[in-house]
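Pasting a structure below so you can have a look.
Chain naming follows the written order as A, B, C, D, E and F, and within any one chain the residues start at number 1.
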Amino acid sequence: MDHWQIQELIINALKEDMPFGDQTTELLIPEGILGRAFFLAKEDLVVCGQPVVEAVFKLLDQDVKVEWTVPEGEEVKAGTKFGYVTGTVRSLLQGERVSLNFLQHLSGIATKVRRMTKKIEGTKTLLLDTRKTLPGLKVLQKYAVRVGGGTNHRFSLSDGILIKDNHIKALGGLKQVLEKLKRSPTLLKVEIEVKTFEELLIVLQSDAQVDIVMLDNFSYEDIKRALELIRVYKPQIKVEISGGIREDNIEQFAELGVDFISSGAITHSVKAVDISMKIERVWERGD
Amino acid sequence: MDHWQIQELIINALKEDMPFGDQTTELLIPEGILGRAFFLAKEDLVVCGQPVVEAVFKLLDQDVKVEWTVPEGEEVKAGTKFGYVTGTVRSLLQGERVSLNFLQHLSGIATKVRRMTKKIEGTKTLLLDTRKTLPGLKVLQKYAVRVGGGTNHRFSLSDGILIKDNHIKALGGLKQVLEKLKRSPTLLKVEIEVKTFEELLIVLQSDAQVDIVMLDNFSYEDIKRALELIRVYKPQIKVEISGGIREDNIEQFAELGVDFISSGAITHSVKAVDISMKIERVWERGD
Amino acid sequence: MDHWQIQELIINALKEDMPFGDQTTELLIPEGILGRAFFLAKEDLVVCGQPVVEAVFKLLDQDVKVEWTVPEGEEVKAGTKFGYVTGTVRSLLQGERVSLNFLQHLSGIATKVRRMTKKIEGTKTLLLDTRKTLPGLKVLQKYAVRVGGGTNHRFSLSDGILIKDNHIKALGGLKQVLEKLKRSPTLLKVEIEVKTFEELLIVLQSDAQVDIVMLDNFSYEDIKRALELIRVYKPQIKVEISGGIREDNIEQFAELGVDFISSGAITHSVKAVDISMKIERVWERGD
Amino acid sequence: MDHWQIQELIINALKEDMPFGDQTTELLIPEGILGRAFFLAKEDLVVCGQPVVEAVFKLLDQDVKVEWTVPEGEEVKAGTKFGYVTGTVRSLLQGERVSLNFLQHLSGIATKVRRMTKKIEGTKTLLLDTRKTLPGLKVLQKYAVRVGGGTNHRFSLSDGILIKDNHIKALGGLKQVLEKLKRSPTLLKVEIEVKTFEELLIVLQSDAQVDIVMLDNFSYEDIKRALELIRVYKPQIKVEISGGIREDNIEQFAELGVDFISSGAITHSVKAVDISMKIERVWERGD
Amino acid sequence: MDHWQIQELIINALKEDMPFGDQTTELLIPEGILGRAFFLAKEDLVVCGQPVVEAVFKLLDQDVKVEWTVPEGEEVKAGTKFGYVTGTVRSLLQGERVSLNFLQHLSGIATKVRRMTKKIEGTKTLLLDTRKTLPGLKVLQKYAVRVGGGTNHRFSLSDGILIKDNHIKALGGLKQVLEKLKRSPTLLKVEIEVKTFEELLIVLQSDAQVDIVMLDNFSYEDIKRALELIRVYKPQIKVEISGGIREDNIEQFAELGVDFISSGAITHSVKAVDISMKIERVWERGD
Amino acid sequence: MDHWQIQELIINALKEDMPFGDQTTELLIPEGILGRAFFLAKEDLVVCGQPVVEAVFKLLDQDVKVEWTVPEGEEVKAGTKFGYVTGTVRSLLQGERVSLNFLQHLSGIATKVRRMTKKIEGTKTLLLDTRKTLPGLKVLQKYAVRVGGGTNHRFSLSDGILIKDNHIKALGGLKQVLEKLKRSPTLLKVEIEVKTFEELLIVLQSDAQVDIVMLDNFSYEDIKRALELIRVYKPQIKVEISGGIREDNIEQFAELGVDFISSGAITHSVKAVDISMKIERVWERGD
């Protein structure tokens, strides 16, 4: 995640939070007061979003200094002061909320993903995200997934072939899709989502090139059976499962030996983690 | 929420989901196939985001037609088909995910807010949002709060004076803040956040002009006591409470007679509601 | 007024003044010539726009140095050299006109506002601006009003309720407006514009919450009488007057004891003050 | 002036006047009320800005209809209703101020320019504008000058060579400039500003190619004498005068036979003309 | 290629060709004159860019009508009038050059690609483009390659793994790269560029997952020998060749049985085809 | 060519080449590896685009250092290493292709123009470019023409009057055009394109003000004859020729004594020159 890529996003975030300046600060806080504030984890969390916070303050005020006591992606306990911001109090206050909005959201993603990926450590299974991201925030959300320990599935409609129920409906059936696929060369990986054993068998018996099969909303038992079938017919095909997998059962699914578990919730239903920014000391310029 | 205001946001959402076209669709779906899809509520929800969905498809393809069976803001039951999209299958598929990403998020907010505001119906209390919004999505999130039945607190740092702990810290104490405030004319409403009874009393005994006092993280009993104090000292001041208020206890707090209950979670920790878009029929152009 | 907020405006100003470079400079001025120019006040004025001029030259050429002999908002006499720009002559010449266009306009506003606010010094009256600003320049114009000593009225339609003749017409009368208002909670200040004593009395006798009343185009005598009425009925309401108030009579109106005098002319009919930028010395790089 | 050229400018104007919607309208005005408003000239003026007003309302709301009773550029008397806007009252109110801000400014320019060009009708003299335009508004201001009857001087630094005092200072003297010019081919017209007779003579005696000479701040008598000199030395050279020319003396200067009179004030010190928009009738959708 | 995707590009193209209007047209051509012009192929070519031309004129003037006598991608002979534009002559002239600049460039690409792909028709070889595209024009250039009959290689650094000499240098050798690759899971296809037989053998003998091998600048004989090696070691790997392949020898290389031939020249060194736009008839509005 | 002018173009180029990061680099290259790469001329060429390359790397990563061994515009032989880039290997690899895409294209233009202008050195003829530029790249292409030694013709429709066949057709004939022209004052240079001797004579015999005549597609002999005619009738008029002039015959045409030779091909049909960027050394941060 590079500065050039998020600069416009951050300017928009600042504009939307301050179209005509910070009225409270301008009313009350003299320009010459400097201060130092810390970021405080109010629950256990994985820190994510440091480059964004740095970019927010840099855009607001070149002279603000941001320092971190832990690296990006580190787990910290509730009560940890994990970063410091030093500069004019006006700039600290103007950047506080926008910084926290980014930081709480991205750390929320990374924290959740970390908990899930820890459960499947040691298995061959990777936790994938999806295209179910919040509009305008995709680059950042996918970044937070990686920081958390997850793996990015395709970024967009432009970088992977993924055939789903609506494609099958549009072409009149899975067989028609596979026929079409055989005649259509592509340099991208091809994945097909199946909802039943019948569909799975059609895919496995076809000679169309399919790299990944996604078992959509299969039960635990059905996934087990599906994996056996796949091993028999097309052992080289990768297997993704999706639907109904949560923090409390992911381990069990991973132990079945699937290649990928994907989750929309890690980006579309993010719970912000609790972080606050507290000014700890102020002084006048020149002191 | 007007078209001119969200057009850039939607173009960015489309670009981020399709920087180089929809490879699956271009590989498989012939241009001449038309279809009709419906939006299906997979849980009980309040529909929110119709103008955004219309704008997404209009930008993608002027000829796509979007129709709704219920008005914006309506509650629908799981299983309801609440909207239809008709056009080329390519356009339907290209707009599907971006539409759903907006719709599931905004309906998620509206649904949550509706459940909370229903609980306080009949009381004088209003449910407010905060500035804890997702960067770039503020206009839409605040719109969804209104659709859900909530009331918008200030939109940004530019349209309300809200004095919080960091301001007090920066000026060396609440009394200093109130002194400064008395000498600083403003045409905006003034709100002060207090964390203790001591702070509350300082506010109540000051002759600085304060329109709203926010009791931050006060317990139920303390709010009760605070309201009595306020009635004695400054009955015209409005009272906002914040912290620890959830769907399951909001009613109880409202019945205390506070003016406003504010919640960051309704915008910073949104659970998407489950909606899918299903193609139900396809035909060839000219049929 | 922050750099991130005006950067796009300045880039647009440069693009519109130099879509394909400065042909005169490229034809005549060698790259290696450095120079120093000063800004010269050709009439008495209040300097306003220093951060904009700095941003213009910084965008044009990082190595240009801008220095001021007086702070922003200072009054200078005709003949004063109040700032210096040092860098390549090419950069000086390319930034000259855009800088002056900003500086003459903003100083024009600040100068006019300063003259008016000086006349009402010592009274309780504040001079307000309006939404009658030049498109695209609102942030800067409102900034110049503050530098001049004025106070900003609402910035936009989003941060204040202001009810005017067209709202009254649309709802069928002032009484209907006030009835509607009573049922419509808002966290913003409410102001109503009245054109007659009849309207004023309706407002004063209503129990709708109104924070400010604006007497639109009332004569001196009528304002006097209106203030008495207001003192009787609603002493806590603030009073704004508008229309027909100029530099030569503002003092007289302020002495009546109104809270606010607003003027559209200070932003919609700005007379630029006369400033020029003169190169005083040139030398070759390395000298 | 084309729609594609001003669309971004208008979206910015709307965003700056309504970053989070029109709070007054949303509080008070029901969505279903339609209305018709007129634009009223409150002084004699030349109407300018019709395409901008149309674009403002079109962007706000495709269904608003704008009609004019006089064509762009027409002079109307105080009291004339020269245009009508029909649509939802919400849209009328949201577009009112932005429309008027454009209309009053552009008509202000056109009105002033019309009065000045009328005075020099019948002479060969053209009234020119300058690069002293308000940042971001150059395309529109130069358009208003044309509508008023004036002629555009160069648009930017990219489309004309204009040598002024700072260029002369940078190169060490006018002779050096002319020498340099002789060796520097250009496809653009070349104009030189002179401040004294000495400078004028140097230009007239040089064999550098100069298309226009600008007499900067010459007195009436000096212009007369300069014209005679020019007729003797270089009759084909065009003559522009600048400085001290106002509506009340422009005729006299034009009669001297100069080719161009340029004025910065027509764009940098615009007095808005007085126009209001009044709702004259409202009705409910379906009536 | 969709309208929303190219709108900004076209507005930029218009702004860069007309920052302050079309001076010739405004000087000479009355507003009320309508006309009809045709696009004339002045050499044999494949038409490409119709949607762009339509978008150019639509942005300039909603009332201009564009019609085509052949579909996009069709080959036409020199002398063919393949499209017509009808509207005001001013709009035709303003859109002429920008339209042609797009049309001649994109048709230039499509024409070249068509000639090359025709030569390899019937073989299994696909002609690929590269990332050697002109900045800002990638979406359009890649579209023209498809129209010409070519296949798009990866669009960007985000949608394919392609390991080249600089990666190998950075990691200290090809073996190190392959070791790293084995430990690095990806959902994208993996391609490796080799420059020698030694490198090829390392790839073929590695058990890292490689989907495509690119033989960079191999001679005809060496490609032949490489293909045999690949058939022996890893028959499932796809083979791309690059370097030194031109229209006059592509057939010969394709017959060797490679999967892909890639060419940078088809996008980085485009020869525009000769097309002009000629007004054939004019009339006055109302005729 | 200034940084503010190309920043947006470069960000777009980076976004289009890396919408979601560089997957290969992130997969394989550790963050802490630094390196140094050189730009290698693989054919004789004129270096052009140094400021663009610097801006690309600066935007990507402030810490990358770019150094040149020759100045912009210098001719280098095949095999020359003419520039060095030092920084993290990740940044080098991410900026490689975008840099080269600019550098190869701009140097391609400059190289071609240099070869052509060298042939006409010593004559009075200037080589001009045209408006036949690639959309979005005009500022850069025109810059490369200047670097190569050519002269820019008008930049856009806004900065020169150029009357061509379509204008003549629209007004019903060349005589009508010249009549119109006489009544239409302009401050821009006027050029007319003629296709026949008949047209040329009409221009020469008219008393309309024409600064340049362009002989469109005249043969060598006809140009000779035309020049004689022009010398007789209007010796002060400048002469431009266009059409059929290539590197191998430009000298011969220049010797005829024309003022300008214009070429569309130098910008619309650019052959990229062959440059590569090679990493020559890598080390770990701290070494």
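In this text, a contact is a pair of C-beta atoms (placed from the backbone, for glycine too) under 8 Å apart; a residue touches a chain by one contact, two chains touch by 3 or more.
Model, not experiment: these values are computed from the prediction.
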| item | value |
| --- | --- |
| Centroid comparison with subunit A (C-alpha atoms), farthest chain | D |
| C-E or D-E - the one linked by more C-beta pairs in contact | D-E |
| Intercentroid distance (Cα basis), subunit F paired with subunit C, Å | 44 |
| Rounded Å distance between subunit B and subunit C, as computed from the means of their C-alpha atoms | 33 |
| Two or more partner chains touched - positions in subunit F | 15-16, 18-21, 138-139, 152, 155-156, 158-160, 188 |
| Touch list for subunit C against partner subunit E, complex | 15-16, 19 |
| Residues of subunit A that touch subunit F when the two form their complex | 1-5, 138-139, 142, 152, 155-156, 159 |
| Residue ranges of subunit C touching subunit B (in the complex, touch as defined) | 126, 128, 151-155, 158-160, 185, 187-189, 212 |
| Subunit A - residues contacting subunit C, complex | 11, 14-15, 18-21, 59-61 |
| Contacting residues of subunit C [partner subunit D, same complex] | 9-10, 12-13, 16-25, 27-29, 33, 35, 37, 89, 92-94, 96-98, 100-102, 104-105, 108, 131-139, 156-163, 165-167, 169-172, 177, 180-181, 184, 186, 188, 264-265, 268-272, 277-280, 282 |
